[in-house]
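The chains carry the letters A, B and C, assigned in the order they are written, with residues numbered from 1 in each.
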Amino acid sequence: MIDPGAHLHRMRNRAPLVQNITNFVAMNVMANVLLAAGASPAMVHGLEEAAEFAGLAGALTINIGTASGDWIAGMEAAARAAGALGMPWVLDPVAVGATAFRRELGARLMALGPTILRGNASEILALAGTAARGKGADAADPVAAAEQAARDLARRSGAVVAVTGPVDFVTDGTRAARVQGGHPLMPRITALGCALTGVVGAFAVSEDPFAATTAALAFYARAGEIAGAAAHGPGSFQVAFLDALHGLAPDDLSRSARIEPA
Amino acid sequence: MIDPGAHLHRMRNRAPLVQNITNFVAMNVMANVLLAAGASPAMVHGLEEAAEFAGLAGALTINIGTASGDWIAGMEAAARAAGALGMPWVLDPVAVGATAFRRELGARLMALGPTILRGNASEILALAGTAARGKGADAADPVAAAEQAARDLARRSGAVVAVTGPVDFVTDGTRAARVQGGHPLMPRITALGCALTGVVGAFAVSEDPFAATTAALAFYARAGEIAGAAAHGPGSFQVAFLDALHGLAPDDLSRSARIEPA
Amino acid sequence: MIDPGAHLHRMRNRAPLVQNITNFVAMNVMANVLLAAGASPAMVHGLEEAAEFAGLAGALTINIGTASGDWIAGMEAAARAAGALGMPWVLDPVAVGATAFRRELGARLMALGPTILRGNASEILALAGTAARGKGADAADPVAAAEQAARDLARRSGAVVAVTGPVDFVTDGTRAARVQGGHPLMPRITALGCALTGVVGAFAVSEDPFAATTAALAFYARAGEIAGAAAHGPGSFQVAFLDALHGLAPDDLSRSARIEPA
């Protein structure tokens, strides 16, 4: 039985330094989400230092949203460093099915063995080699359509795979869970999925990746519910969401989280 | 007679994928503005994929705010792809008069035949070859001072030209309109002009560019009025503005828009 | 006796153009903070134009948060141009102690003679060559632990040195002051320190750097207090903070600022 409040409590006590190599759209909101949740974000991607910095961090996240040129070498160097250190790292394959460049980059990063993979249904389907309908960063396929692909991908790659959407699905190939919560406004705010990848990284420090990922999704989903109750649109949602990530107490989360085995 | 509410309704039904090659300051707010309005933004600029991605999108926007190095090749490749596909693309010549580099880049992109050009008065004057006073991204010339330059530039280039400010001016060289609305706090929030360029792109998909641009400006101006009535400063304005872009109903827009032929 | 309200009044009258070469996380919030305060920000970093643009600006700020590759050449060219023009420039050495790359870059930029240096205690200790505990962008050392290092660094470099935190410390090596105010939520919002560097640049135009820096810190601290009184968490703090920077009147600031000689 996963207790997400206990995970939240331990994460906040650790206040882990999370290194993020992410896209330009997400950087600010991802850093704010991590700070609000109680972690310490560092956006360090330069080839000159990405691998060295990984030695200071507790977790690494890599997001291909606006990858190009030298950034890719920085991603690979940091992922290799994380692997060598036994540190968890999370891959966020934004719009991986959209172009030949993204498909190739996604495959190269998968080959480096991410601890956790987080994407929307279209992205997970594309990574699994199944035809997906999403073109941009927005999902065009329902989560349920990607559950089998997620299980297969988890077994094949050894990564925990999280498919996020109206109901999230998490699996390590053997265990699986669904997480309910969130709010319909969430996809109307850019980079909340990217930012969630950072939260997953923060929760994964020194924890079982499957349980930590599930707990992180439950935390995010509950904060989304709280924010949604106060919001009048995507602008006020963003404000209320950061407040909720900061204010959500572990015992409230333990009581309210909706996690079901799948 | 342009009915901006009908344009808004059709844009939301299409939920067009808009590819934006924009500056680092604008990326997040531009994506949020497009999502709030009802479009699907994709910030894809890498030379490795910018042209291929244009084949998936409904419109393209190019903004020179922080252009440098490889980005310029990505801009040109995407603009050429858009031209070959007959897809509308919008040029946003941020601070084009400030440096020799920007003047040269602005001229190169104009030569690729944008469908629509959106800038402030100083930028349009600079592109038209008329002396402008603005140095940074902020306008130092009134919109009225750029109306003749806009008409000339539209005739010469074949682009619809929109000069935005306290009262917007739009022309295709033959037709022209003025759009009233907005709020004095808008220039106190960074990148709202850049984000508007994205909205113009979203409206332009499968529509007459002059009518679509005018409708997009009326939509933005009305959302600005609504936000201004609720705001206590630039922070709360931003929040209320995203909420207003999301909540504004087509029939409200049709009733309240202030568009006049010019 | 430094009157921060008089400094704020003069800064707003000048509405100075401040050129910022900053990191990707900070760009948007820094521009919004400068606009809310009453300055005109320009994020211009490209090697193709950074030095030329400095000739248009009233002040320059350089932040190493996500520096890499060509950006470093742009930083050096702009800093040299500022030096040649006698224009104030401010260095923000984000996480300078974290990696060999940052230590070397910090030393190179210090050698170009910044007018003002603003960092947290861990960063100032690292630049001064004293062992610091901070790893990422967040401070792990108290301000008081960096006061002597700041005095030494100011004397050695000729720069005004500002160590910011719960109580700020400013010194030019001879004079020194402490500034109280702000709010405990401020470190829970990304890039507020980076954005403060821009405000310091805006205040420094045509002013004594020590007095201007002290006044800028007092302005920021007071706006933080006002925002903190209205905030429920880091999301609503950000909103209230931009509103407060915009709405804070010079005479309110003069009355409420808590600046003490040190």
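In the analysis below, contacts are C-beta pairs under 8 Å (C-beta built on N, C-alpha and C of every residue); 3 or more make two chains touch, one makes a residue touch a chain.
Everything quoted here is computed from the prediction, not taken from an experiment.
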item: Chain C against chain A, contact positions shared by both copies (same if over half, else different); value: different
item: Fitted rotation between chain B and its twin chain C in degrees, CA, nearest 5; value: 120
item: Centre-of-Cα separation between chain C and chain A, whole angstrom; value: 32
item: Shared-contact residues (touching 2 or more other chains) in chain B; value: 24, 28, 238-239
item: Chain A residues touching chain B - in the complex, by the definition given at the top; value: 23-26, 28-29, 65-69, 95, 98-102, 135-138, 187-191, 232-236, 238-239
item: Chain A - residues contacting chain C, complex; value: 17, 24, 27-28, 31-32, 35-36, 40-49, 52-53, 56, 70, 238-247
